[in-house]
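Some structures are shown below for you to check.
Two complexes follow with chain A in common, the first pairing it with chain B and the second with chain C.
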Partner chain A sequence: MTFKLISTAALVVALGASAVMADGHSKALMGAVKARQGQMQLYAHNLGVLGAMAKGDVAYDAAAAQAAADNLVAVSGLNAMTMWPQGSDSTSMEGTRAKAEIWSNFPDVGAKAGAMAEASVAMAAAAGSDLASLQAAMGPLGGACGACHKAYRSK
Partner chain B sequence: MTFKLISTAALVVALGASAVMADGHSKALMGAVKARQGQMQLYAHNLGVLGAMAKGDVAYDAAAAQAAADNLVAVSGLNAMTMWPQGSDSTSMEGTRAKAEIWSNFPDVGAKAGAMAEASVAMAAAAGSDLASLQAAMGPLGGACGACHKAYRSK
Partner chain C sequence: MARIIRVLCVLVLAGLAAFYFVTAPKSVEAELFRDLQSNADNGALVFHAAGCASCHAAPKAEAVDHPILTGGQTFPSDFGTFVAPNISPDPTHGIGGWTLIEFANAIQKGVSPDGAHYYPAFPYTAYAHMTPQDVADLKAFMDRLPASDTPSQPHQVGFPFNIRRTLGGWKFLFASDDWVVTSVDTPELDRGRYLVEALAHCGECHTPRNALGGLQKNAWLTGAFLPGEGKVPGIAPSELDWSVEDLAYYLETGFTPDFDSAGGAMTHVVENMARLPETDRAAIAAYIKALP
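Let's turn to the complex of A and B:
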């Protein structure tokens, strides 16, 4: 829980403050974009492992499910301070789908990031128990991803 | 320490076992490659934050340094089990520089991953103290990255 709350708070602080990388150098901006896209890839991959079990495409494996869920907790707990600098939105630069609205809706973005972290913690508490528990935790997790993407990721 | 050892053990197990994703489907393999590349991007970004302070390009900021170092610990602690499936080496597929030697040198790869996790923990213990401590921790960290890249990443 502490992990999650720190992460959310850090994101809110980061979005509000002028970040270290927000110096107008496109190389630094691109590095930040690649880092957050890396974070998203790690979400996608570990969600994929869990989703394949949830759907029955892959046999349920408690250890593998727990590992994937623990990874989601670790990834959602990363301090996002330097990964969302001003000027790294999709109207300011190429190579990102992050809407400019992110930077004008800090409290809501922070709340959505917090919901993702919370759903990851819930998955980590469920995934290693049994398939039904894993399946029950998938909905909130997918919902948390989707809520942020719908509001803040361009097509 | 526990975090690190679990991570290293998981990597060794993963490399030895037939991973969940190693089903010969190129989409699944590519997903695994993107996930580990995402992990590398997160390493690079957070190392960049620390490196910029170490070199004096950016003013030392204890909180930002600590956050970057904590991120390195979290990222190096990820369970790598599903991210290095058999058949995802650079001789078997496009889009990766991971040498096939990785899959025939499990103990050494695991040791190198462990060294990276250990150097990250050392950085996290140093980065928030002062600039000199951060600078002293940079060498082992860069060395750990380089040791694995030199041995197992193709040009």
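Let's turn to the complex of A and C:
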């Protein structure tokens, strides 16, 4: 009887401890997920400024367009290594759509991120000159976003 | 008793005859394809609008203007896993040796040159609405694509779905010559309907299916669940409040109104739609906004 009580208590303590450890671990992973989602949000916001002009929803403003494009270049230049820790994929945790394939294809992911940076630089060269140049630079940016989302983001 | 047996025999024979008739592979009217002059430039537009490369290019191939249609991509379904075949112009492993009528039967009737039914993972019920001219132009374009000598892989489909003859019954139930949207008021809506219902086959993913895999046309483009792809959003106005401009811009660049970007299989569609004239993307958007 006593043995049963003690072993049950030990088990409860052990389970509790592992839950706390898992909790700390998953908090760190969640922080990384939030950080990279924040980076995506920065892309979306600045693309929105450029896209509203491209679509004709707001008047073309060379200075605002240039600022947004420069932001894209800055955001795409962030070193994102620590935002993609092992185990932060959509099959391992909730709250992310990042496919596990990312971690088995890092060189390709890096190449696609590089393409995004190139498209941002091209936009920065175009956005401040005139609306037609800005509009032409939107397509390649969309292609760069889509290339990575096609391969590495689940529904 | 003898009389009952006779009646039963007649009923069984009638049933077999009906099965034979209903499930027999059908052919296009050859007359409609006679004397057509083909135009490969228009064929390129048909090709991109119809999304051929999205399924028939090799797995993970980059989207290009003149793809190699090697096949090999897999498509999980409730009935088994389908593997896209080689449809490059290779005469042995592809479709290079086909006549225009054989090609038309394949894409519009879902019937192979040797008379077997294709599985409806291949959207021939949509392509059935293509004009004979577009079919001829499409073939002219595809004849000029690079050939691949990679053999096609068999589908992974179990009993009873591996009996292709039964697909004749599926076609009898679900293939139709009628448009889903029966009346269109403007040339733009007419073009939009042709692009959505005949070429781009949007309904194949965005419309829910019944237990037998037939499209529920009374829930046209209201969203569905696809094995391997997950939840596919509804795009009819009852499900999505994007403007005509939002829809057209999304098809051109992949950017949603919130400047998220397309993901999954839809990125293929955007790559195709970006190759069409702006007027075609606007026509698709107009058609979608005009849905109930």
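Assume the second predicted complex is superposed on the first by the 131 of 155 C-alpha atoms of A that agree within 3 Å, B and C clash if a C-alpha of one lies under 4 Å from a C-alpha of the other, contacts with A are read in each partner's own complex, and residues count from 1 in each chain.
Quick note on the criterion: a contact is a pair of C-beta atoms (placed from the backbone, for glycine too) under 8 Å apart; a residue touches a chain by one contact, two chains touch by 3 or more.
Keep in mind that what you see is a predicted model, and the values were worked out from it rather than measured.
*Asks:* Name the contact category of A:L42: first (chain B only), second (chain C only), both, or neither.
*Replies:* first
*Asks:* Between chain B (first) and chain C (second), which does A:H149 come into contact with in this model arrangement: first, second, both, or neither?
*Replies:* The second partner, chain C, only.
*Asks:* So, A:V58: does it touch chain B (first), chain C (second), both, or neither?
*Replies:* So A:V58 only meets chain B here.
*Asks:* Looking at the overlay, does A:A68 come into contact with chain B only (first), chain C only (second), both, or neither?
*Replies:* After superposition on chain A, A:A68 lies in contact with chain B alone.
*Asks:* Thinking of the overlay built on chain A, is A:H25 touched by chain B (first), by chain C (second), by both, or by neither?
*Replies:* In the superposition, A:H25 contacts neither chain B nor chain C.
*Asks:* Who touches more of chain A, chain B or chain C?
*Replies:* When the residues of chain A touched by each partner are counted, B comes out ahead.
*Asks:* Which partner chains sit in contact with A:T82 here, chain B, chain C, both or neither? Use first/second/both/neither.
*Replies:* First partner only.
*Asks:* So which positions on chain A get touched by both chain B and chain C?
*Replies:* 44-45, 48
*Asks:* Which residues of chain B touch chain A once you look at their complex with the stated criterion?
*Replies:* Residues of chain B touching chain A: 10, 20-21, 31-32, 34-35, 37-42, 44-46, 48-49, 52, 58, 61, 64, 67-68, 70-71, 74-75, 77-79, 81-83.
*Asks:* In the complex formed with chain A, which residues of chain C make contact?
*Replies:* Going through chain C, the ones touching chain A are 60, 229-232, 245, 249, 252-255, 258-264, 267-268, 270-271, 274.
*Asks:* Any idea which chain A residues touch chain C in the complex?
*Replies:* Chain A reaches chain C through residues 43-45, 47-48, 51, 54-57, 97, 138-139, 141-143, 145-147, 149-151, 153-155.
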